[in-house]
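One chain, chain A, links the two complexes that follow: it is found with chain B in the first and with chain C in the second.
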Partner chain A sequence: PPCGPVENKKVLYGRQPYPDNYVDRRFLAELRRNVGVQQLRYWSVAREAGLVGQQVSCVAVFVALWSSLDGGALPPAALLWGGLLAALLGYGLHGALGGGTGGRTRWADLQSAAIFLAFTFGFSPVLKTLTESVSTDTVYAMSALMLLAHLLFFPYARPSPPGSLSLNAALFGSVCLASRLPGALHAFAMLTWALLLFALWPCLLQRLRDRAPRAFPWAAALVSLAGVGGLSGLWPGGSVLLLLTLLALTLACPLLLVRLQRHKDNIHGPWDEAEIREDLSRFLD
Partner chain B sequence: CGVLLTTATFAPPTPALVRSHRATARAAGSGRHRICMVSDFFYPNMGGVESHIYQLSQCLVEQGHKVVIATHAYGDRRGVRYLTRGLKVYYLPLQVMYNQSTSTTCFHSLPLLRCVFVRERITVVHAHSSFSAMAHDALFHAKTMGLNTVFTDHSLFGFADVSSVLTNKLLTVSLCDTNHIICVSYTSKENTVLRAGLDPEIVSVIPNAVDPTEFTPDPGRRDDSKITVVVVSRLVYRKGIDLLGGIIPELCAKHPDLCFLIGGEGPKRIVLEEVREKYQLHDRVRLLGALDHKDVRDVLVQGHIFLNTSLTEAFCMAIVEGASCGLQVVSTCVGGIPEVLPDEMVTLCEPTVRSLCDGLEIVIARQRSGSVPSPASIHRRVETLYTWRNVAERTEKVYNRVSGQEVLSLDRRLTRLTSHCGSVAGAIFAFIAVLNYLFLLLLQWLIPDDVIDIAIDGSGPQSCWTQTSSKKGKRKANQIL
Partner chain C sequence: MVLKIFFPQCCTTADSGLLVGCWIPDQDSAVVLAVVHYPFIPGQVKRYLTEIRSQTDVDLTVLGSWSMPKEGQEGMDSFLKDLSTIFPHSRWLQLSREIGKRGEGSVRDENEKVIIVHYDQRKVMLSQLHPVQEGVSHSKMEQSALRAVFHTVAQSHPLFFIDKYDDGPLKLTHWQSEGREASIIAELVKQGSVPVCKLLTWMLSLWSWLGSIRLLNVPPVRFISSKLSTCVQLGYRTEHLQTVSSTRKATEHMEFMRKANIFVSFLLDMALGLLLIAWLYRENRIGKLASTLVPVADHVAKELRELLEWLMGAPAGLKMNRALDQVLGRFFIYHIHLWISYIHLMSPFIEMILWYVGLSACLGLTFALSVLSDMVALLTFHIYCFYVYGARLYCLKIYGLSSLWRLFRGKKWNVLRQRVDSCSYDMDQLFIGTLLFTILLFLLPTTALYYLVFTLLRLVVVLFQGLIHLAVDLLNSFPLFAMGLRVCRPYRLAEGVKFRVLCEEEGTPLHLMMEINPIKVSAVLQYYRTPTYSCYPRDSWMALCKKLFVGELIYPWKHKTTKTD
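Our next item is the complex of A and B:
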C-alpha cells in the first residue's frame, strides 16, 4: 500500500489509505534529543565539588578538636580564645565582603551572640550530664550517625542558610560528643565550635562563593588541609583515608561526571507532559 | 442447549467429549476468535479504559466473536456476571493495592487466570492499560500457556524521572514477546515504541471512539442569555486544573456574561474553590462534584464551549464527547490531542493561561457574532468520525494477524528476554518465566486441563444465549401452530 501520492496525515479521524501498523518516514520525526542540556566543564564541576570536600573536612576538624580536648592535649580556655579569634575574623570578613546584612545591625548580632553564649554557658553543666545514663558506645555511634546525616542532608547547592535537618543533626551529634568531655567548660567550648563550624562557616563560605569566587577554592582547600592535618596527629591512617576521600570527591568524581556526560541521552517529543512555567499563585494572593 | 448446560454444570464432561468439543472449536475458529480482555479497570469503575473495553467487546460480540472479560473483584461484585449480549465478566478475587490496580507477583494470579483461559477455551488474550498490573500478569501467563497476546496502551509516559525509568523497564519486559500492540494515537505509538524498544511494525494505531447516540446535542437546555464554558474532568494536576484557576478570573473580569460549569472531583478542587472565593464568583462558577457517566451528557449540553486544559493526553475522549454534544471545543495542544479533531472543530492552544484565554476569546467572539455552526451539524459531523464498529473491525484485523503467528516456545522466549531487556532485568525475568512455567506444569499435574469444565459460551458462534432464545422461539411457534 505505501505508494502513490496520498500523504499519510497524522490524524485519527477518517480512514487512512494505509494499514493501521504502517510506519511512514515521519515516524518519530518530532523526536528531540538532549534539549537544553548544558555541557559541563571539568574545572567548574571540580570547584563545586570542593564544597562537598571541605564539608567532610569540617566534620574531621570537629572530631579532631574533640579528640584533643578529650585527651587533654588542648586546654578548653585555649580553644575558647581561638574560637573568639576565628569568630571575630570571620565576622570582619563577612562584613568586608559586603552584600548586605539582611537588615540586621551589629548591635543585634552582638545581642544574639551574647544570648547564645550565656545560655550555652549556663546549660553546659546540664549538657555535661545529659547522657550520663547512656552507654558511651551508644553515644559514639549516635554522634557518628548524626554527623553522617549532616553530610548527607547538607544543602550543597546553597549552603546559606544551613538546612535545618543537617544543622540539627550536626548539633545533636555535637551535644552527644560534648557530654563525654571531662568538664563543663570543655562542653561549652565544644558547642561554641560546633556552632562556628556547622552554622556560621557555611554562611561565610556562601558569601565567599558569591562575592569572591577566586578566593572560594582556596578557602575550601584550606579547610580540607586543616582536616587532614588535624586528623594526622590523632590517627595517621585516618588522615590518609580522608586525603584519598577528598581527592576522589573533588578530582575523580567530577572527571567521572564529565566523562559520563557523553552518554546522556534525554528524549523529548510531543508525548511529554506539558510543564506549567508561569507563576499561577498570583491569581490567589 | 438446555441439556448441554446441565451436563456442563453438574457433571464433568468425559475427556472424549471435551476433545471433540475442542476439535470443533479449532476448526470453527478460522475467522472467529475467543478473546479474553484483561484489565484491572472495568465497570463499576468509571473511565476511558473501562468504556473502551466494554464498547469494543460489545462490537466484537456483534461480529460473532466470543468475548469474556477478566478483572478484579470490586467490593461485593465478585464471581461471574453477564452483561448485554451475553458478555461474560469474571470478577476475580485478587487483592487491590493502589488506585484500583492489583499487585503483581508474576505468580499468584496464574491459577485463576489459567482456569478462565482453559474454561473459556481462549485463543487470544487482550490486555489493556499499562497501569494495570493484572493486565501485565495476564500477558505473562498467556505466553507461558502458549496463547496469542495483544496489548492496548491507553496512556503516555515520560522518560526523565525514576518512576518512569522503572515502569518503562517493566513495559519492555512485558511487551518484548507480545504478538501485537495497539495504541490509541500516533503520538501514543511513538511513545510506546520508544518506551518498550519495539519494532514499530507490530504496533497498530486504532483510536478510541464515542457512542454518538449517548452524546446528542440539546440546544434547548442551554441559557443563551449568557455564555457557558463547560469543563468535565477529574480535578487533578495532569488535567491542568491550575491553568483553569488562572483562566477563570481573567475571563470573568472581561466578560460579565460568562459562566463556568465544572464537573468532576479531585485534589485540585481546592484551587478552584479558592479562586471562586477570592474573586466572588459563586454565581458564575459552579462546581458540580463527581459525575456519573450517564450525567455527563446532561452537563455538556448546558454549555456553549467545552474547555480541556490537560497537560498530557494520549487520545482525549472528552473533547470528542464535547464536540458530539455540539459544543465549540477549546483545548491545549498536548500529546495526541491535535490528531483527534479536524481543525475547524477545535481551537488548539499552548498550555499557558495567556494562550488558552486568547483561544477562548476567539471562540466567545465567534459565539457572540453567531458565526458558529449549529450543534446539530457539529454532531452529524462527529458521528461520522469515530465509531466503535470501525474500532472493532480494525481490532479484528489485529486478531486475525495475531492468530496466524506462533507463540514463542520457552527457549526462544528466554533468548528474547535476555537479548531484549538488558542483561540484569532480562536474566531476572527469564528466571521468573521459567518458574512460571514450572508452576504451570504443577497446576497442570494437579488439575489437568481435561478435568476443567468447559464453560457455556455466552457469546460467540456457540453461544447458548442466542441458541436458546431461537429454540424457545421455535417451540413457541410450534405451540401456536
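Our next item is the complex of A and C:
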C-alpha cells in the first residue's frame, strides 16, 4: 500500500500504483505554442511576391509579342535581331554577376545555343503546318491551358534549374501559338523568344536574386511594366486587369499573409513525430 | 469370393470334352478359350498346350470339363470326373448343359458362388479396349479383369488355327472351328504390298536426299520454304508416306490405326484432287481463270488507289495534317503503280503457269488448297507491305510519344527497376524533347488512320488464308478409317462392356451376357487424330487488341509443328 501520494513517473517499465493511462496535474505542462514560427515583415514578403507577379507579366509579354507578330506590326527579322541582342546582353550580365559558371565552359554554351538554333530553324516549316487542321478556338484554349500550367508549376522558390513540367508546358503552349503565325520565319522568331523568356530569363533572375538583392525588385518591376505596356497595345482592358492583378499579388496578398500570421496557432509537444536535426550525411561515405 | 467364368458363346452347343483356357490369378476369374472333344489322348493334349504356350504369352491350362448329355454317352459323366486326376490343376471346373435349360456349373471341393459370363469370342478377339495401354501388356499384375480377358483372348490367336477340317489328333471347338476366315483379295494385297512398300520407301529416301542437299538448305531458301504453305504441306505428306510405307508390320494397335488413317485420308485426298483436275481442265476453265486474273488484280489496285485518294482528302470529316498526308499517300500510290506494272509484265505467262500449277492438284486436294493460299499471299503482297510500313511508323510514333510524355512530366523509365522514376533533365533535352513531343502528337491522327486502314485490309487477307489452312488441316488430320470402323464395326473400338442377365434362378449360377460398348464419336476424334500442324490463334483476344493498339506486327495464326527436335 502506498504511503502518501507517490509521484507518477511517466514510465511503463516500472511498477506503479497508477494505471497505464493515468494523467496527473502535470498534464499539458509540456505544451508549446508556435515554436519556430517566423515573424514576417511586410516589405520582405512583398519583395518575394514580386517574383510571382514578374512571372505573370512574362507570360503577358510573350502574348503581346505574339499578337504583334501575328498582326504584322513587327517584322520577324527585327524580332530575331532583338532576341539575339537580348541574349548576348543577358549572357554578359550573367557572367558579370559572378557566382561561378556551374561547371559549364563557354564552348558548351556555344554548342547548346547552336543546337537550339539549328533544331528550331530546321523544324519551323513543320511546326508552321502543325495545327492547320485544328480549329482556332481549340488552339487558343490549349495554349491558355498550357501557360496556366506553366504558372502553376513554376518553381518559385528556386527558379534556376527549371522545373520540367513548367518549362515543357510553356514550350508546348508557345509551339501551339507559333504554329498559327503566317510564316516559317515568324514561327522561328517566336520560338526563340519563348526560349529566352521561359528558359533563360529565370536563370538570370536567380543569379540576380543571389548576387545583387537590391537590383532584383527593379528588374521585376521593369518586366511588369513591360507586360502591362505590351498588353495595352493588344487589349487595353486586359492591361488594366493585369495591373490590378499585379498590385493585388504584390501589395495586397503580403498584407493578408502578415495579418493572418497573428492567428497562427500551432501546438507542439512531446507527442510530435521525432525530427532528425543532425546531418546524417557524415555516416555516408 | 465370387468366381467368374468367361464362357464363349460358340461353345454352348459343343460336344462334351475338356475346357481349355486361362486363369486370371488376382481376380478369381477364368477365361475359357476352347473345348477339346472326346476322343483325345491326354498326352497329346498336354503337348499341344505346351506348344501353344510357347508360341503365345498366354498361360494355357486345362480348366475343367464340359459335359453335354447326348444319347449313347451315359458313361461320360463319370469318365469326365476321373479326368481331373490326369491333368494338374489348382481348381477344377465342371460345367454341364441340360437340353432346354441354360447350363449349370459347379466347382469341385468348394462351395462358392459362381457367375458365368457369356461372350462373343470373335468380337472380343478383334476388339481393342480404350484407353489403349501400350507397352504394359507384359505386366499382367496391373490390369483389370476386363483388360486381362480381352488381352488373353486376343493373344490366343494361334489356338484358333485348328478348325474342323484339319486332320490332326485333336478336335477343338472355338469361334473359327467352322472354318477359317480368309479372303483371296486380302491375301493377294498382303503379298503384293511388300514390294510396293519397298519401292515407295526407296523413292521417298531419294526424295529426302534431294531435299537435303546443300544448295537447297541455304538460309534464304529455307526461310521462304518455311513460309510457303505448299512446301510445308509437301513435308508433311512425305512424313506421312514414310510412315505408311515402312515395311515393318504394325505390331501395336495405335500404330496400325495411324497407318490406316493416313493411308485412307491420302487416298481420299488424291481422289478429290483428281476430281478437281477433271473439273478444272474441262472446257478450258484454266484459260478463263487466267484471263480473269489480270482484270481482277487491276480492279483491286484501282480500289486501293481510290481508297488512298480518299484518305488524302478529308476522310470521314477527320482533319488530317495535309503535308504528311500527301507524303504518305503519294508513297503508297507509287507502290501500287509498281505492283500493277509487275502484274502486267507477267500477264502473258499466267495461263501457262496456272496450267502447270493446276496439275499439282493430282497430288491431292490439300496441295491444291495450299497452292491457292500461296497464290493469294503472293497476289496480296503489296497489302502486306503497306501494312508493315504503316505498322512500323505507328509503332515508332507510339513509342516515341510515350517516352517523350514521360520527359514532359520530368520522369524517365528506369530499366533496372522496371518503373518510372523522376529525373532532372538538361535544358537542351527538355527543349528538344518538348518540340518533338508536340510534333509527334499533332501528327498522330494521320498516321493512326493509315495504320487502321491497312491493318483492316491485312486482317481480311489473313482471315481468308486461315480458312484455307483450316480446311487443309481438316483433310490432313481427320481419322477417316477410325471413324469408318466406329460406324461399320463398332465392336472393334471398345470403351467398356455391359452385362445383360440371361438367367437368374435360385440354385443355379447367374448367367450374364457380355456386350461390348463402343467408344463415343468424340472419343474417336480424340484418340485417333493424326497429329499434323493445327492452325490455332496464337494470342487471346485481349493480347491481340493490345498488340494492334501498340502497333506490333501481328501474325495471328501459329503453326504447331510435330517435329520433336
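In the analysis below, the second predicted complex is superposed on the first by the 250 of 285 C-alpha atoms of A that agree within 3 Å, B and C clash if a C-alpha of one lies under 4 Å from a C-alpha of the other, contacts with A are read in each partner's own complex, and residues count from 1 in each chain.
Following the convention adopted for this analysis, contacts are C-beta pairs under 8 Å (C-beta built on N, C-alpha and C of every residue); 3 or more make two chains touch, one makes a residue touch a chain.
Computed from a predicted model, the values in this text were never measured in an experiment.
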item	value
Partner chain(s) touched by A:L284 [first = chain B, second = chain C, both, neither]	first
Touching partner for A:Y13 - first (chain B), second (chain C), both, neither	first
Chain B versus chain C as contact partner of A:E273, first or second or both or neither	first
Partner chain(s) touched by A:A252 [first = chain B, second = chain C, both, neither]	neither
Which superposed partner A:V23 touches (first chain B, second chain C, both, neither)	first
First (chain B), second (chain C), both or neither touched by A:A118	neither
Contacts of A:L195 with chain B and chain C, given as first, second, both or neither	second
Which of chain B and chain C A:L110 touches, first, second, both or neither	neither
Partner chain in contact with A:S133 - chain B first, chain C second, else both or neither	second
Complex contact set, residues of chain A against chain B	10-14, 19-21, 23, 27-28, 30-31, 266-267, 269-278, 280, 283-284
Residues of chain A defined as touching chain C within the complex	112, 115-116, 119-120, 123, 126-127, 129-134, 161-165, 167-168, 171-172, 175-176, 195, 199
Chain A partner contacts - residues on chain B that touch it in the complex	156-160, 180, 185-188, 190-191, 193-194, 200-207, 238, 240, 242-243, 245-246, 249, 271, 274-275, 278, 311-312, 315, 332, 334-336, 339-342, 351-354, 385-386, 394, 397-398
Chain A-facing residues of chain C, complex	319-323, 407-410, 424-425, 427-428, 430-435, 437-439, 442-443
